[in-house]
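Take a look at these structures.
Presented sequentially are two complexes of subunit A, the first with subunit B as partner and the second with subunit C.
Coming up: the complex of A and B.
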């Protein structure tokens, strides 16, 4: 017995270090594996550097200026628009009934995988999409779809729209979590009593404090928007594609020179993201300077109603775009022949689902095994870290928060190619285990972020009472703390599962094509354009991410049906 | 002769553990219980379904487990094997079989990445139409038994007969597209079918396409391809989306026809349109045509990487793919609609009956109507043309 306690004591303080290694190890290793080939050093291919050959090749690629521009514009525009909408929404509507409705609608939309949302959007707004079908020919006069470049447009506008609708729920959730720590209600009341309009008052008093809290999530959105691959493949332009897509293409070419180009491109992608973060930071300063003058000037109203109405309209549109996208996926998955401009298919059939049943089953099993193992590992590490913090006072510093966000901010396309090359050299490149490790890099931060606040907010007096009754620290954890925290635990689990389900690039690159999940299958189908197949896989992928959220809501209500105080964790 | 082939096999492969293709009993017994990872393009539901069926059948008959690794691009598989070779993974690599032809085959063969020769030792090779079909050269590159054929393909143009009439040449396609802008496109090169379209333009516009049978040289490349670029400069502004976006693959164009976005498209599978009509992916007014001078045709093959740990299992699958049973199923337009590689005269009456019983499908041309099959140019043309296309039309539009 005493021996066991000693090992526990030794194990627990190690967990935070282990967590950092699990999270940052692959990132650092991957960056290292990227830098060498980027400078022409790839001994496996008989190339020894350093040389600038790869860099020269990259800059000789005629598509580079466009690809780089696209990466920058989609990332920055996505972040700015999504942030503006969320801030306008919270400023104009927080605390109202409309806000609660939207809040409830947007949260489950957060778990809809990016790829599924992108497919849905494409099926909605393409010239032959559902919107055009529903309004043709009676409203538009179109007997045939117009020859308009909407999806895959040269400027990446549709891709930006697809990213914005998915980032609004994310930023909204982050903002809601931050609001609790900003004393927003009282600040707003005081502003209102001084005669400030709802939006103006909020922007002047609360926004600076909220923004300080959500700065890192905003950076995540910026980095993600600049380097996303799956959404770009589905909605983005192709002549040329954004840089991230081109990197993945080079990774796939048989020629080793192309792999060097890919790594050089990955390094450029990283530099771009760092530069964009720098520009964003500069913009923060400018906005802060201008904002301070604006606050001091003391104007009480600045288009309050317009901003509030626009923000509500746009976020409702985003919610409808995702929900409508899912709906059109449902219709396509049951569709017989469906010509233009019919609003609905000629016939509804189960044939598509039956046809794909076996493949869907395999992919679902693979997805579930990976997601469940990775989430379980992430939960163990997270709870271990938080418990170590509780028992030994190993508190996460501000720098620690940066480390937590690092895997989310460093673009996937920057370190995954290098990681694949490294794993390949180590001979450990295929199969499920490396894919799981790669997923853990992205799942861990989200699980940690979602669990940390409720875990820390837990009333420690419960532990004191339990200890006074003779319970050991372990017993307190297992029998008191975790049961009380059931709801946040389940929410963290659901988030972990949905993050793992949605991973495209880590599964593709690290799995070497041998690990087929719902996401990789769905994106692979995108090239074939078979909408019925895409719809079934996209829906299955959505379900795999949504069902855990439903369970996370339902299970506490069921288990604590006679413990009202515990139902909301 | 057999002894020579055997010697060649032993000499060509450092295949200490891989069974000799000529000893079929040894192959099947070694194959028992093996898992074969077949890397094949996964964007087509009908192909995927066919591969699932093959998996069931080889599991039943030979105890081989076949796993379909769905690729978006065959080049991914080539990279994989190349990386493995560079990393020294010389046994039990990730890939056991690849659906391959053309430039990818040429690259792998040249880099010694292939197991073999094995194809001509397979029992079902006896039925293959060696004289009538291009199964022993692949884009002019001699196959020499390093890949085994399983389907014949030929370029056909897919059109909606409700909207247009068949056209006889590339020039008339350009004229039609100019008169009906936005109604035609082709998959974005370097997609396989997209580059095939470019080659088809070249073959149809050149007075003497035989120059394409030898490798492209720096001296003749510009002059030979000049008519192609002139053609594309004229065609591109009349394309769907004015050539600012292209469908990713050939199958991605079928929904666009169903949507009435396109009237004309291209396919490498003469039966694919009928199959798509049967699956309610195309309207039943869709038909196909070929050009007056004929269209490009080639064979699809499967190859086995040199480092496959399940080469025997892969040979069993390759052999099964050439069986009359699998070939008849692949030709069924309700299943796949691919052309067979077999010679009907080499089959017995029962085997032939399965083929005779097939309805070709409303949109499929008969072998006579398909007309002349034009030879594939040497892969060097395709590689250079695809690269040039990307520079001219694929970036910075």
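Coming up: the complex of A and C.
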């Protein structure tokens, strides 16, 4: 008996270290693998560096200035707009009935994969999209699709819009979590009693505290917007594309010169993201300085109604854009002949689904095997870390939080090319197992972030009572703590699954193009323009991410239907 | 040797600042009341006795139970029962399952069930085994928490403001029940409270901290 306890003590404290290695190992290795070829060192191709050949090649590429500009503008605009809308929304509406409706729509909107949301938006606003069809010809006078470049526009505006509608739910969720720790309700009451308007009072009293809490998620949005690939392929400009897309194109070319270019580009991407984060941080300082002056000036109102109305209108538009996008995917997936400007197809048919059934089945199996294995591993590591923290006081510091966010802030395009190069050099086969390890890098932080708060918020006196009743630490964990935490556990599982389902670049690059998931198949269809095929794959991808969330809501309600104490936890 | 619960020269400090110092023996069937305002370290003292002292505190001294030094024994092997001001019945288990969780292992399914039923009957809660603890009244929950703890056969009992959430009428009733059961079983009781009435009802020695 004492022997067993000793081994447990040895195993459990190892888990936090193992978690860090699983999360950061591939990132560090990938960055290392990027730097070498970026400076012309690629022994597999008989090239030994260092040389500036690749860098020179990159800067000679005529598309570079435009690609870099696109990367910067989409990232910064997306973050600024999404943040402004979410802050306006929370300032103007938190605690109201309208806000509760939006809150309820949050989880499903959040779990719709980026690629599916992007396809949906494209099918809505393209010249031959649903919006044009619904308003033609009676309003617009069009009897054929107008010759406008809306989707894949040169300025990346549609791509930015596609990113904004997906980042609003993410930032809103993070803000809601932060509000709980900021004493927001009382601060707002005090501000109101001093005569401040709803929005002004919130911005002056609560926003500074909330922003300090959501700073890292904001950085994630910024880095993601600058380096996203799947949304950029679907909605972004083509000639030239944003830098991240060009890196992936180079990676896909057979000759080694292109591979060197890709790694040089990856390094530039990393530098761009770091520079943008620096600029953002500077902007934070300026806003803080200006905000302080604004606060002490004592004005009670500052366009409160306008801000609140605009924020509500824009977030509702974003929600409808995602929901409407999914709806139009549904219609296309069952569409027979559908001529312009008819609002609905002539006939609905199952033919599209039957034609793609085999391919969808294979991709779904591959997607599910990867997502389930990766999420299971992430849960074991996360629970191990949190339990080690509980038993041995190995608590994560503020710096630890940074480590957790690092894989989400360092752009995927910066380290995945290097990781692929390393794997190939080491003679390791690309395939499903390396893809799983790559997914784990991104699934782990989200599972950890979602489970950590409820796990720590659990009343540890429960553990004291159970131990006083003679229950060992393992028995307390399995029989008391985890069952009580079933709901957050299943939510974390659903988040893990949906993050894995949505992964595009790790699957494509680390899988060497031979691991086909619903996401890679759907994005591969983007250039073909077969709307019916895109719709079936996009919907299947959405379902794969959405169904776990439905189960995470339904299962606890079913299991604990006779346990009042757990029904609203 | 000495039956009962002994706190031998216990000193607890937080970041080097002394908080609690106590050197006492509690004989079987006796109650020691520790009083003092909130924040003085009463609950911290109990967490040292149960073996769940948070890492920010440091403690010296020994805890002896019936002459056995349990200071370095794991919490679940100390055989020291505790009741908090909240009932802390596990919300995912039925009343009967909560009691079976406390009951020492051993015996057939039916025997265990019979023990649980008998324990419920003892506190006038016959037929409550399949109930959801969340549907019980405050007094009923307190009684279930008490017998859950007693079913684990503790050798000592700790009370952490155990009666402070109950309203006045119920409070005296539950308090008398707890003290009576502890006397029946000859358990040494260490009670922390901020209420002089609790201490008076206990009838034992009183130590005031802070």
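Here, the second predicted complex is superposed on the first by the 565 of 569 C-alpha atoms of A that agree within 3 Å, B and C clash if a C-alpha of one lies under 4 Å from a C-alpha of the other, contacts with A are read in each partner's own complex, and residues count from 1 in each chain.
The definition used in the following text is that contacts are C-beta pairs under 8 Å (C-beta built on N, C-alpha and C of every residue); 3 or more make two chains touch, one makes a residue touch a chain.
Note that the structure is predicted; figures quoted are calculated from it, not measured.
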Superposed partners subunit B and subunit C on subunit A - clash or fit: fit
Contacts of A:65 with subunit B and subunit C, given as first, second, both or neither: first
Subunit B versus subunit C as contact partner of A:230, first or second or both or neither: neither
Subunit B versus subunit C as contact partner of A:340, first or second or both or neither: first
Partner chain in contact with A:238 - subunit B first, subunit C second, else both or neither: first
Which of subunit B and subunit C A:528 touches, first, second, both or neither: first
Partner chain(s) touched by A:459 [first = subunit B, second = subunit C, both, neither]: second
Minimum C-alpha spacing, chains overlaid - subunit B and subunit C, in Å: 48
Subunit C-contacting residues of subunit A that also contact subunit B: none
Contact footprint of subunit A on subunit C as seen in their complex: 47, 50-52, 55, 74-82, 84, 86, 88, 90-92, 101-102, 104, 132-135, 148-149, 152, 154, 158
For the subunit B and subunit A complex, residues of the former touching the latter: 37, 39, 42-45, 48-49, 52, 69-73, 75-80, 82-84, 86-89, 94, 104, 107, 181-182, 188, 240-242, 244-249, 251-256, 258-261, 280-281, 283, 390-391, 393-397
Of subunit A, residues touching subunit C in the complex: 5, 393, 459-473, 475-476, 479-480, 483-484, 486, 560, 562-566
Subunit B contact footprint on subunit A (complex, rising order): 44-46, 61-63, 65-66, 127-128, 143-145, 147-149, 151-154, 237-240, 251-254, 256, 259, 335-340, 346-347, 355-356, 358-359, 424-425, 427, 429-430, 512-514, 516, 521, 523-533
